[in-house]
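Please find the structures below.
What follows is a pair of complexes built around chain A, which joins chain B in one and chain C in the other.
Let's look at the complex of A and B:
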């Protein structure tokens, strides 16, 4: 098993760092899946993480100047590593003005992802800072836990309101209640509601637009017959939603969500070269 | 003592107090003729810091206004939690405070901080102090084989790579590189957190001297205070150290002040198991590779506490043989001039009132042996700290710095052992030990570095 990659471009390095920062805000531990063309940060929806799951996909060619991978075996040319993204984030943080950043899989007492950054220095010789991030190699038999999630059979798919607005609304609502109901319909309307014994607050968003998934077959046929006024809703733990919104470091070019009535909220954020999917299960 | 700090100086003093607060819980104020020394030591006595302000720093500096008793200015210590809030609100301070007067009044046992602000406002804070011995570290910085001097920005850029929570780091030096890396106690196999290592080329430093390849491990957290102080004023920092086990000292100097931080380092268990601790009385002794430091701050000036100090020697080509019984010569590993401790002792005594030298206890070799170190254990050997006995009251005795027992081995029962050692040593005959004089002389000469620099020209940048 071998992995070496190198980033030379400062812009790519900054962008990669921002992605890693976002992932680190969403989870304490996640799985990094490496294939020849992509990197994935995966969080599988286990009870430990409160049922949320995450799938973040990066095309390696957009970030790395060099990328060499030798997977577990010829027919399974992939590597799955469990790590704490915060470590990776911290290692990248101080390397932002590096001439080059090399990442490779090494073994020092235990498997590590070693990040070596060449920093500008006062003398002719560059300063080299090396970070060893301990990782756990995930054996092949467990790989099935970390497959790409299927697009759920959603009831409503809708674009999200501007993130900043949504975030400030959710922040305020968090002070009042632990649970938030998000509902939306195919008319581009979305409501965020909280209800307690003393007070109920609803924020209405209109004219958000609905993504045109319909024709590519990923949407279940029954949805097209659905009443466009029907509000599909999910009741969520507000902290999970807030954590997701707070962690975003870059404004996505597209932000949308799929709601499966009373089951799950599926958030999809698309940037030019990164896609992030986040699933928050509904609370009864 | 009474002093007045003006304008910008208040900011500097405040920053100094902040830096000290990173290390210890209490600060010792020691008004000397040459200036005001503000010192602290951490609870395990493995880190010491001293900010020394010369009279130039102050608008006015009167060390001992109370000439009634013909005594020296009182030395006192304050809880740092009381002092720190006074220098907290930076913005307010810069805008409104014109000057700050610090007075130590003996009758009330109070240190008065009086801030004279704009618009006729005066804020007065009366802090109770504890009278005590002055605290001073005994550390022969000039004997250090390795010296690095760099701009504070460089050091700031280096430590930024290490998380704030990172306690210990290892600084290693060789002729072609300097490396700083995180230190973790070895556990079986896997490292728990992230390991970070930074390598620099010697050219990056303003001054680079490697007398001996070594790697010293010290607590970075305690150094950060000094680093941020130096960075705020763009002052260069010099670092002196030897082999593992010997303390490492960091110094910042300016026209008006000098700041030192001395940190103990971990001893290298590999070396220790090799060395044979068996010093003999009459011949030059190779002492095992640990610098056990007994520290104490005795409250009773009359108690001549035991000085037990060891120096580590290396088994490499550069050795600092320290002879105990005979020769008062310390051959420094750098081949600098051999100095004569007793000569300096006499000179030092001339600085103070003429007095007799208090008899010092003999250096008892056996008792100075370190507690047995098993390879599996790491011990931080703390530094040499001296309690400079004040001349107060009795007046005539030029009390020599004394190191009181209270070794800081982290081992259980360590303190008990050292107490026993101390008792044994005290019971021994009280002839001056040149060994101790060696260090003590160096220590006491530190104040303006006057005598020290006269003699040790080989190390102009060293000197505690």
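Let's look at the complex of A and C:
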């Protein structure tokens, strides 16, 4: 098993840092899956993490100037590591002005992801800051736990309103209630609702548009059979949604969500070469 | 439900309708009195009066005159109800406390009468939020019986001059002592904290002093914990009138200018903490 990679471009470094920051805001521990072409940050819906799952995918060529990988074997040319993204995020913080950042899988007292940042110096003598981030190498028999989640057979798929507006609405609603109902239809309408003993609040968004999915541009099978006025809804732990809206730093060019009626909310953020998917289960 | 689709029948049911182009004109002034959850609303033809009380010793009133609202319709002489102020403020700022010029939240506030919720329709950038806040039986506000004929001492100050003093108040002191007198020290604020005593004196001919009408030496103490909430009102205001009556009750009246340059008033009444023997 071998992994080494290098970032030189400061734009790439900043972009990578933002992605890692986002991931670290969303999970305390996650799996980093490395393949020859991609990096994936994966959080699979464990009960301990409140059932949310995350799938963040990056194309390595868009970030790294050098990227070498030898997986566990020739027929399984991949590496799965478990790590605390917070550690990676902290290490990258000190590397903000670095001339280059090297990331390497090393064996110290335990397996580590070693991040070496070469910092600029006035004297010409180079300064290198090294962080060793402990990781757990995940054996091959457990890999199937971290496969890409299936796109659920959703009832409604809809573009999200401006995230800033959505975030302030969700922030206020969180002050008022623990649960939020999100509902949407194929008419481009979405509502956020809360209801408590003291107050009921509904925010209506409209003209959001429904993304075309599939080759013929139609919505999924269950969605295409629906009446366009039908509101698919899901009741969520409002903190999970708020955490996602607060933590994300990818500023997506496209943000959308899929709702499986009374089962799950699937959020998808796309930004150039990064895709971030987040699944929040419904609470009954 | 968007504002435009409200049917005439719905509108006819309301006994109170108040609309604002900028919801901040209401939320800002309510923040100035938000130190307890329960707020008593009292609407008359003249406008809206919102009262918040604490420990039967402190009362704050915000007055929003009818002409501040773009639309103000009331079908009865007086309409009273009580709501949770924290909830109301969260609803009014649902689109964020944005201060971007040109972007503001429009508000339409409706009330059907006894037993009905207070309904808010808020709109910003084409997004509509409808809030139904449950109302409660209005409590009778305490009558502090603060009458202008019993006022012994009165000063009007530019708020800036008090802001500094209040922001630096020694919170380890249990009380704030206010001395007003026709002779030196004229107007003095004193605290007695762990690290010593502090006095702020305001000369009566200062530029900051707009009016000085003190007839008699008076020294009273007020619990700092009770006065602390009033700093929210002070921060928003441009002028403040400080008055005490013959019983030592304190009245603080704040003149608040909103985003559109209109004027509203916030008033705090506070009981004295104890009798201090007059010299």
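In this section, the second predicted complex is superposed on the first by the 276 of 284 C-alpha atoms of A that agree within 3 Å, B and C clash if a C-alpha of one lies under 4 Å from a C-alpha of the other, contacts with A are read in each partner's own complex, and residues count from 1 in each chain.
Convention: contacts are C-beta pairs under 8 Å (C-beta built on N, C-alpha and C of every residue); 3 or more make two chains touch, one makes a residue touch a chain.
Bear in mind that the values here come from a model prediction, so they are computed numbers and not experimental data.
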item: Which of chain B and chain C A:132 touches, first, second, both or neither; value: first
item: First, second, both or neither for A:168, with chain B first and chain C second; value: second
item: Which of chain B and chain C A:34 touches, first, second, both or neither; value: neither
item: Contacts of A:94 with chain B and chain C, given as first, second, both or neither; value: first
item: Chain B versus chain C as contact partner of A:197, first or second or both or neither; value: second
item: Contacts of A:274 with chain B and chain C, given as first, second, both or neither; value: neither
item: Touching residues on chain B, where the partner in the complex is chain A; value: 154, 160-161, 163, 189-204
item: Complex contacts: residues of chain A adjacent to chain B; value: 87, 90-91, 94, 108-110, 112, 121-125, 127-134
item: Residue ranges of chain A in contact with chain C within the complex; value: 161, 164-165, 168-169, 171-173, 175-176, 197-207
item: Touch list for chain C against partner chain A, complex; value: 1-2, 84, 86-87, 90-91, 93-96, 98, 117, 124-134
